[in-house]
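In what follows, chain A forms one complex with chain B and a second complex with chain C.
Let's look at the complex of A and B:
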């Protein structure tokens, strides 16, 4: 369904086509046989024990190799495993039964590594507690090397990490490795954000430690901007870091710290813009930094806001596809200014009253 | 691509109608999800104003054959019941105004039985949890007017727990944001009356950034554009009232460029092989973009607006046109 070239009329079919036709014939033979036996098993489920013969299991495995999305066949395997494990007491034999299932899943994933049913079957088998979790991590390392963005693989890795009880401080190291391999790995940045939240929300984590972590993250993510400032992955993460930074406002010592961070980051974005004057993401981020700066530092409010406005205006022509979004930011800016103007008028007014009273 | 600038409606209608007779690998490999295939094809036909060409009684009889004793529907006759196909079955029955053919309480009982303590939903008796199933449950029960049968607040809270650093949503808490998943979560929250969980400005921006230079939309950062995201991204943006943040004209052009002008149907990207899934999402996307000659589609229920109105406001069946 995805990424297959269109067959033009009169064009010779690809060699792949013949192979697929053979598979289609095989599937059409195996599927009705399977569905028939599946139904009989199910009906007798209550009273009669189904045999789940080796032959039936092999035929089922072949079906899943031909079409890993055939969910009813995965269900059949789960019923079979429950039944077989129910009467097997030897621990080694039980482990072997689980291993056979993991092997069937690997063969299915080779055909389609985005198959929900295959991934869930693996999770379900691991849940039986008969398999090595470390072996799963080794397998995942290979898989995520082949496709670092496979979200099924990442989900499954999080499941293994949780089952194994790996602390977030250790789990985060894997994301560092993946990002160092390829900074454009959004899946890794995503996972990193979740782990970092977990660490900073841990009981007893000191504010100083959270601040230091955030500063390290700013430096880490900025590396990627120098390689390719057009890659979205790191910028979304950066945007989230800024949010986390602002969230600390109000905690002891954070206000001074915030201004220090903002000054440093504004400076860094300006430097980047000197190298890449048309970098959309740098401009957008700089505008956001400036607006944050403006809302915490009254003395530079006007110049910050004016500069941010210039960046948004330039973004409208630099990235016309998203012009409406930048226009929205500009309109927010003017409505905010209106409110600010009004409040400054009132303060002036109150101030003058105060003066009058004093005099 | 001068010949791709308009919608080849008749070709697409013929393509969808021809699908049932095919027996190539794609057709055989899709047998397990024939219920969803039928929903995609029939909804696309309805949007194009051609649902009347279909044999309603035959289709309804087949749907009923796919229902299991437990109340859930399988992807095809003799296939195991699953919440995905239960929603598709109910959606098709809505298209034909034939909800009277099924026992709504029985279907509702099946879905209710799949809700977990934490508010999430399993896809079937085997316990896989995914926010896609939360959407299926909430959408399906709403169409059956039986939303009161589940703990809706808990259901919405679980979806909210799947929110990420970018404002998007994943399959389970901690899962990466993905446009398809975002549609399910935003759709579920919209129907469940809990859109306050959505950070519209942050997520709207992230979704708008799915549009790439060609005008097409991708599902995650740094991925290729694909017609199916025209639906998932677009429907979410419409629900969140942020659809103007993308270039609609360019997106419509991208979808039209993915048509097969000879054989009919729409593919994921220009010059790829067409399928019913992308044909539906392409046509539905064009409908959301207000393309002339297409019926309006509801972004949350993924059914034509007149069908949703009929379900909720109980308009009388139209007399058959002779």
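Let's look at the complex of A and C:
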């Protein structure tokens, strides 16, 4: 490995080497034993009831601690647990069996906390319905404090929240806490967006409530880019919010509301741009807001588009890495106008007729 | 008998600066004798128990001494000792105006033996400050554990406002406007850039601007008043009013202000497990001197505790320091003596005034003089008599609940003139709970301090600060009843001036001053070390070992609670 001196011949090996060697020796010893028990249980599967001995289970647990990525061993455990639970009727003992599995998973996760097999096994054990879900939430809180962006942890949290039936309104508070701790946390923002969609899609949620919720979110996320305009996580969430806002178009009363929101947000971005004239994300978001505004408000279309164009032009030099993207946006703007100009020439007459019909 | 009887340095008293000096001198490979007259490392830097503090109070502010009884009487006649002898006495009136209330009711305080009350409180330690560096290089970090200060508040308009001092604090703060958030963060960035550039900055931070007042620099940054107050008093921990300046010397320069902020930011990010920039030593500040003493002892320093020193010995010709005589009568030799400011040494008579008298005659004469006069004019000339900077008023309170529900270790800054209807100096308060192991469960200690030029004024100022945080008993107000109840308190005024002395080889260390951290003490200590041992390095950096190359200070981080 880099930065470590080469070991000279005759020199005593490092303690780490000893550790690795001991690991290899143990693995070599356990593997055939495990394969043996795995094979026998397959043979016995046909007809005869197989007994998963305590010794075999302990060996298996130790093996998984040495190598948590070994799927076959996890599968062996699942079959074993199913078989053992099938024989056991005492509720306390059944809970104990489930707890033992959770402990095996924890030991494996200590070795590698990003091990898919171990996380899957935990989900499977929880699915048996023999364990306390609150204890899982406490554990997750600890894990996510140590590693706030561990996506296994977040994924598992979503699973627990769903299993437990925690209402999204309550689950969202946890994301608020995590974001307050450190707002550069995509996982937390993402989870928040998922929960918000869940709330707004719930049957019987009034449109006013969704609107109020989105407005609160705008105010919340704005703190992130006033604190650090170069941090992307808040801006990404903001883009998602904008999408949600547009998605409401068509529902009663939303069109007026949309214009109100857009005006307010454009104003906020302009204010921030006054303080931070070179902020790439502020410019880009402002340009996007302006274009959205333009597409719903014909009266200011020209001025909005022109302003957006100057922002894109400035972005080309401000952020040369993404110049091609900005130029593409600019060309889209030009071609749209071109089409519009042409169509307006041909459809002007029809358009005025339509207006007359409406009035 | 103490064997050997000659040392490179003799240290008297086990206050923090003396203990750090003992450890640093021992670490430099020199022989050290460390003597202490008090029981259990008692000093103005100690965290005495409730009973010790009570006897301190009942004696009107004297640190109780260990009783010394000589096991073997050794006598040396003055003829045998070829030195001029100066008597070593206790410094008079280090503490005054000691008041305990209620005086005789301790029933509500719970288990009294669980209290450790910092005589030097309130004080906190910067995570990236010189004291932590010294602890790490002295390998004293294994002996101390820390608790992080959980939050800081600033008192404004009659209420506590959280100090937004980190990125996430600024994000979640609900009192600042969005534009203020941007100003504050931009300011932090400026400080970070200044730190990274190591002084080679231009523009606003060009060298010629760095000597101008910090407060003017803050004004130029368009920072609103609230943010300016937060930066000055709660983050840079400035001691004096910067807006209405009575004395130009109390104006902090831009350079010093920026350095304080840089230290703050470095501290906030040093240990991931510390919630903020400040640490508080578990079991009180009194654990710090003991940690350094242990390190000194490990490196061969000789410790003789409960041993009073009776006199200082000078060379008859040159008047240079030659050693001390202890209560047992034994003479111990060293050309370098460091004494705690709790001692005072008579000033040597100048050769003009007493050209012919022998040293013993001088003693007799001066003793007579002392008895005849209440003013100990011969024994304690101190720097800067009178004026603002020589005294600090402290108050230690015991309460029944935290003034911030859910938080235990909390700092509150009262900026100048923030206590309504009063003209006041900066007041600091630090709350500690049983989490820091300085009081029983369910009780809290709140320490206050303010610089003091007038005893009555200082007492009234601290009373106003106490009224702000604690419940007024008779009040019917609902808001009042949520505040903690004050169960017990002790008020005293402490002298922070340093004894003047002109004897070569004798160094007086310092009393705890009015600042809330240890920067000034460390600076002074390092200066003394270099004056005594100019050729040696003050706590040389440890060579990086393979186990600790992830960064020094890991052990300290491990010591922080809540891992």
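Keep in mind that, in the parts below, the second predicted complex is superposed on the first by the 326 of 359 C-alpha atoms of A that agree within 3 Å, B and C clash if a C-alpha of one lies under 4 Å from a C-alpha of the other, contacts with A are read in each partner's own complex, and residues count from 1 in each chain.
Operating definition for what follows: a contact is a pair of C-beta atoms (placed from the backbone, for glycine too) under 8 Å apart; a residue touches a chain by one contact, two chains touch by 3 or more.
Please read all numbers here as calculations on a predicted model, not as lab measurements.
With the two structures aligned on chain A, chain B fits next to chain C without clashing. In the overlay built on the shared chain, the residue A:272 is in contact with chain C alone; chain B does not reach it.
Of the two partner chains, neither chain B nor chain C is touched by A:59. By the touch criterion stated above, A:163 is placed in contact with neither chain B nor chain C.
Look at A:27: by the touch rule set out above, it reaches chain B but stays clear of chain C.
Look at A:297: by the touch rule set out above, it reaches neither chain B nor chain C.
In the superposition on chain A, A:226 contacts chain C only, with no contact to chain B.
Measured by the number of chain A residues touched, the leading partner among chain B and chain C is B. Once the two complexes are laid over each other on the shared chain, residue contacts for A:193 go to chain B alone; chain C is not touched. Seen from the C-alpha centre of chain A, the directions to the centres of chain B and chain C diverge by 120°, a value given as a multiple of 10 for the model superposed on chain A. Once chain A of one complex is fitted onto chain A of the other, the partner contacts of A:183 are limited to chain C, with no touch recorded for chain B. In the superposed model, A:324 lies in contact with chain B only, and not with chain C.
Note on the superposed arrangement: chain B and chain C approach each other to a least C-alpha distance of 16 Å. Considering their complex, residues 1-9, 20-21, 23-24, 27-28, 31, 35-36, 38-39, 67, 69-72, 74-75, 78, 116, 120, 123-124, 149, 151, 154-155, 158, 184, 186-187, 190-191, 193-194, 197, 231-233, 236-237, 240, 320-322, 324-325, 328 of chain A touch chain B.
The residues of chain A lying in touch with chain C in their complex are 179-183, 222-224, 226-229, 268, 271-272, 275-276. Those residues of chain B that touch chain A in the complex are listed here as 23-29, 31-33, 74-75, 78-80, 82, 124, 126-128, 130, 164-166, 170-172, 174-178, 204-206, 208-209, 211, 213, 215, 220-223, 226, 244-247, 250, 260, 262-263, 267-269, 271-275, 277-278.
Looking at the complex, you find that chain C touches chain A at residues 167-168, 170-172, 178-179, 181-183, 185-186.
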